[in-house]
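First chain A sits with chain B, and in the next complex the same chain sits with chain C.
Moving on, here comes the complex of A and B:
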């Protein structure tokens, strides 16, 4: 088989993470390559390297035998490598024709004027290749998600032909999440046809689909290549095992500090629902308990947390704090109910990065720092110093702007802010994302201490292992439904594998 | 109905008759709402004025009155499609009017450029527009601030240069042209019409036009597709500036005298016309035809109110309400994260 892409010792690091750990990978002509791995396994980094959005730190990227010199996804398209993004990248205010040829209209220009009928005819031909029979003058806002995807595929095909690149490489990121089953079938039938003169890289968390539709499957794990196999020899269970495949011996998540929660409930949720997002669900959190929410993107777990934080309003159900019914309509209500929310993007949502450490820590409790009706600089400083000491925040002074702190220390400031406001329940949205290993351990330790003090924590973690390791109990969600509640006592943590099958 | 045969798409694809083409053209331009609004305005005032509103002279008046606002609106809507805003129109009119007053035959200066004044005012406006574009793209200033600043700079400069007084003109050719009619239609309307045709071609049939819509639709995606966003924006601001410069000259011609205050109070009607015409303030939607309809609706509305002796203060309030309602109807709220 001819190779089209060759990666040699591909290495890519980000601050605190080695996203690609130096592996070799060959991608062949006329194949559908299934790429699987957990969140954070390095799939998206790898794809962004292939389409030129990232450059390798070390190692070689050979495209059709030549070193690839792409600096952006636009360069990559001209070299015949393109990606259909999960969120889609189409200008909805423009027509199919306009989108197909955007920034490549040069071919249709005569005397500075676009030849519209020629563009339309070319668009018709391009759409026919993906069996799309619609008027190319249709505005893209009127297309269904499936049709949009097809237009993007048609665009990639047209561009590679236009730039004279044979065997284009097309990367499809979770193409079926927005499709009905029937539409997905059609998609794969067309892909199978396109394969005759192209290479397709399929990224999907639906393992059955990958096995059924690809020729070869590559498994990634923690930024490294695990193995590959022909798809006809693969099984869902086998791949799941390879995806998780780390033994959990040894202490990664300070399991010895895990305590049994108290008997009393702090939070109780009854039939909470957002119509069309997640179905009515009930659960409770005891004082001193760490609860993990596990599920894929789209399972509804994020939205559930947003309801608790007052960012989104549920359409039905009740939230009880200490047995009392509370109405959470806004973040303000949620703060009053002593619920703290630590968002995933602390730089954007969790912190005012242009404010200093003291301002951020004191943000929610300014009322208690007043003296004779005005804010007291002295009280502000005293409170900030107390928390800097308590949370071991490494900062030159309490007046240092938060943008100048490391990710780990920023996270500690966010947590301190909520603790200063005496939050009893903290919702932690990926608390360790983008934080290096040492600081992670400190955060784990802090989470354990918080639980020991009798606070409740609801978490969504970066990896399944982290969820299992940290939590007392696990709530598994799938497609907006609460599927399972699992106990995770320190002594007998469940296997990731059995959980994985419930999630996917 | 598979994915490849959405009902709507299927029907429209097989039907290629002449009537269909007109229907599709109207749908493409999305002016059906505007036609309806115009019809409502006409019916209300036709009844309210007992028919005077629909008399031939009044229709001629409306078309004549709409001329200069339409030119301004055509310039402004180009920037709104881009997803930006341009508040510099009054200042650019002021500077181009004052300079025009200097170079057309007049009692105060020794210059007389004759017809060459037309390219001169276009270039003055274009330079001011270019400054808008550079501030917006190179210095990364919000267009709202950049153009507001330029407006005041230009106005100040105009007052300084003119000494704050009006200059009467001795060359009557301009006034005769602008106040004259051809085939019963005011000449200024022809100028607006030519501009409409030119902009329509730019929008529909050139790269520049497509890129303008792409940037208005989603600037980040447009840049990712390889569009030179900075260049496209600067060119559009320059075009808009040149159009305001032209309007400055026409205003000078109409009064046969130049002054810095000629542009005063022209931004609001132009903005209202853009919104009423259906050009979305969030960018990427609408076109030259929308600008034309918007101006006609707004002009007809104001003319009707005058005929019905509505008090000027009430007229202001009505215009304000029209602007707010039009924006409320056309803005794409999904695109807006935080309102500043």
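Moving on, here comes the complex of A and C:
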């Protein structure tokens, strides 16, 4: 088989993380390559390298035998490498034709003006290749998600033809999450046809789908290549095992510091629901309990957390704190109920990065740091110093701007901010995202301490292992439903495999 | 690129502004030594006082990431009302006129918070309305009644070698400094300018904070309108026009970022000094009056280019 893409010792690092750890990978012509791995395994980084959004730190990227020189996804498209993004990226207020040829209109300029009828005809031909029988003058906002995806695929095909690149490489990121089963079947039938003159890289969490529709499967884990296999020899269980790996022996998540929760409930949720997002669900969290919410994107777990944080309003159900019904309409209400929210994006939602450590730690309790009615610089400094010491925040001074701290220390500032406000329940949205290993352990330790103090924690973690390792109990959600509640005592943590099958 | 390598040494904007001020002082002194004559310095002080008052208000709206283009309209309206009331109400004309400024600012803030549209649009609109109201009160300039001359003479008088208006401006500065530095509201205005989403998630009432910021701007413009009318012994509906640009220039030249969150009243004090030194000095060393406008315009663009946080704004509108 001819290779179209060759990666040699591909290495890519971000501050604190080695996203790609230096592996080789060949991608061949006329194949559908299934790429699987957990969140954080390095799939997205790899894709962004392939389409030129990231450059490799070390190693080589050969495209059709030549070193790839693209500096942006725009360059990549001209080289015949394109990606259909999960969220889709088209201008919905414009027509299919306009979207198809966006930024390549010069191909249709005749005597200085755009030849619109030629554009339309060309669009028709392009759409026919993906079996989309629809007027190219339709605004994209009227298309179904499946049709939008087809338009994007048609665009990539047309572009590679336009730039004279044979065997284009098309990357599809979770293409079926927005599709019905029938639409997905159609998609794969068309892909099978397209593959006669193209290479398709399929990224999906749905393992059955990957096994059924790809020719070869590559498994990534922790930024490294694990193995590959022909799809007809793969099984869902086998891949799951490879994805999760078997390194759970030994202590990674400070399991020995895990304690049984107290008997009293702090939070009780009754029939809470957002219509169309997640169905009515009930659960409770005891004082001193760590609860993990597990599920794929779209399972409703994010939205559930947003209800607790006051970011979104539920359409039904009740939230009880210490047995008392509370109405949470805004973040302010949830703070009043002693709920703290540690968002996934620290820089955008957790911190004022232009401000110093003290200002950020103190911001929720400014009213208590006054003397004679005015803010007291002395009290502010005292409180900030207390928390810097308590939370082991490594900072040159309390007057250092947060943007100059590492990710781990920024996270500690955010947590301290909520602890200073005496939050009893912390909602942690991916608390260790983008934090290096050492700092991660300190965060784990902090989480344990908070639980031991009798606070409640509701978490969504980066990896399943982290969820299992940290929590006392786990709620598994799927497609907006609470499917399973699982105990995870320190002595007998459940196997990731049995959980994975409930999630997917 | 490695994020750690990108951290450059950050010189606080205030030092840049201070050096700029000193540089101008040196240039103008070399250009014409009589620049430092007492009389000239008092002239600079007077114009700086008015700029300071309007800048004190403007800086709070800019700190939230907004802008108040109605300050000129508020100043004009306040000056006309102030003059109209002086005869019948005497001293009471001061608080009433000030209240008009505050109310105007409150309207701006409420519209911004309620309608959720960019503040440059709302204040562009209300600014026009304020001017129009001023015209409806009096289309001709209103002069101070002779009965009020005594009162206005006090504003323009001198003690200890300084003009009284400079003491008033210092008082205004202290009020706004305390608001910014020692109140929770002031802190929240700054935090909101830095990261509004985070503030909302942290329970800050961003709706009210924005209203308060614009109300403070109305207060500053109210002060400025009264001071300006007092020095001129008259008020008219176009009196504030030049202060729209000048107040923004004062704030940004002082080093407050148009993107919000960084800077403040101390920066604006320096900005007011820079602007009035520049305005005066260009005359003193004999730069063509039409060329002066170009220099001011260029100054604003440079100041914003330096202080603008490009990371915050992905699309330049």
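Quick note on the criterion: the second predicted complex is superposed on the first by the 504 of 504 C-alpha atoms of A that agree within 3 Å, B and C clash if a C-alpha of one lies under 4 Å from a C-alpha of the other, contacts with A are read in each partner's own complex, and residues count from 1 in each chain.
Please note the rule applied: contacts are C-beta pairs under 8 Å (C-beta built on N, C-alpha and C of every residue); 3 or more make two chains touch, one makes a residue touch a chain.
These numbers were taken from a predicted model, which means no experiment stands behind them.
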Contacts of A:146 with chain B and chain C, given as first, second, both or neither: first
Touching partner for A:189 - first (chain B), second (chain C), both, neither: neither
Which superposed partner A:352 touches (first chain B, second chain C, both, neither): second
Which superposed partner A:98 touches (first chain B, second chain C, both, neither): first
Partner chain in contact with A:114 - chain B first, chain C second, else both or neither: first
Contacts of A:9 with chain B and chain C, given as first, second, both or neither: neither
Partner chain(s) touched by A:131 [first = chain B, second = chain C, both, neither]: first
List of chain A residues in touch with chain C within their complex: 14-15, 309, 311, 330-332, 334-336, 341, 343, 348-355, 359, 363-364, 366-367, 370, 374-375, 404, 417
Touching residues (chain side chain C, partner chain A) in the complex: 2-4, 7, 178, 181-184, 187-188, 190-191, 194-195, 197-205, 261-262, 309
For the chain A and chain B complex, residues of the former touching the latter: 72-74, 89-94, 98, 102-106, 109, 112-114, 116, 131-135, 137-138, 142-144, 146-147, 150, 182-183, 186
Residues on chain B engaged by chain A in the complex (per definition of touch): 2-6, 8-10, 12-13, 24, 28, 201, 204-207, 210-211, 213-214, 216-218, 221-222, 224-227, 284-285
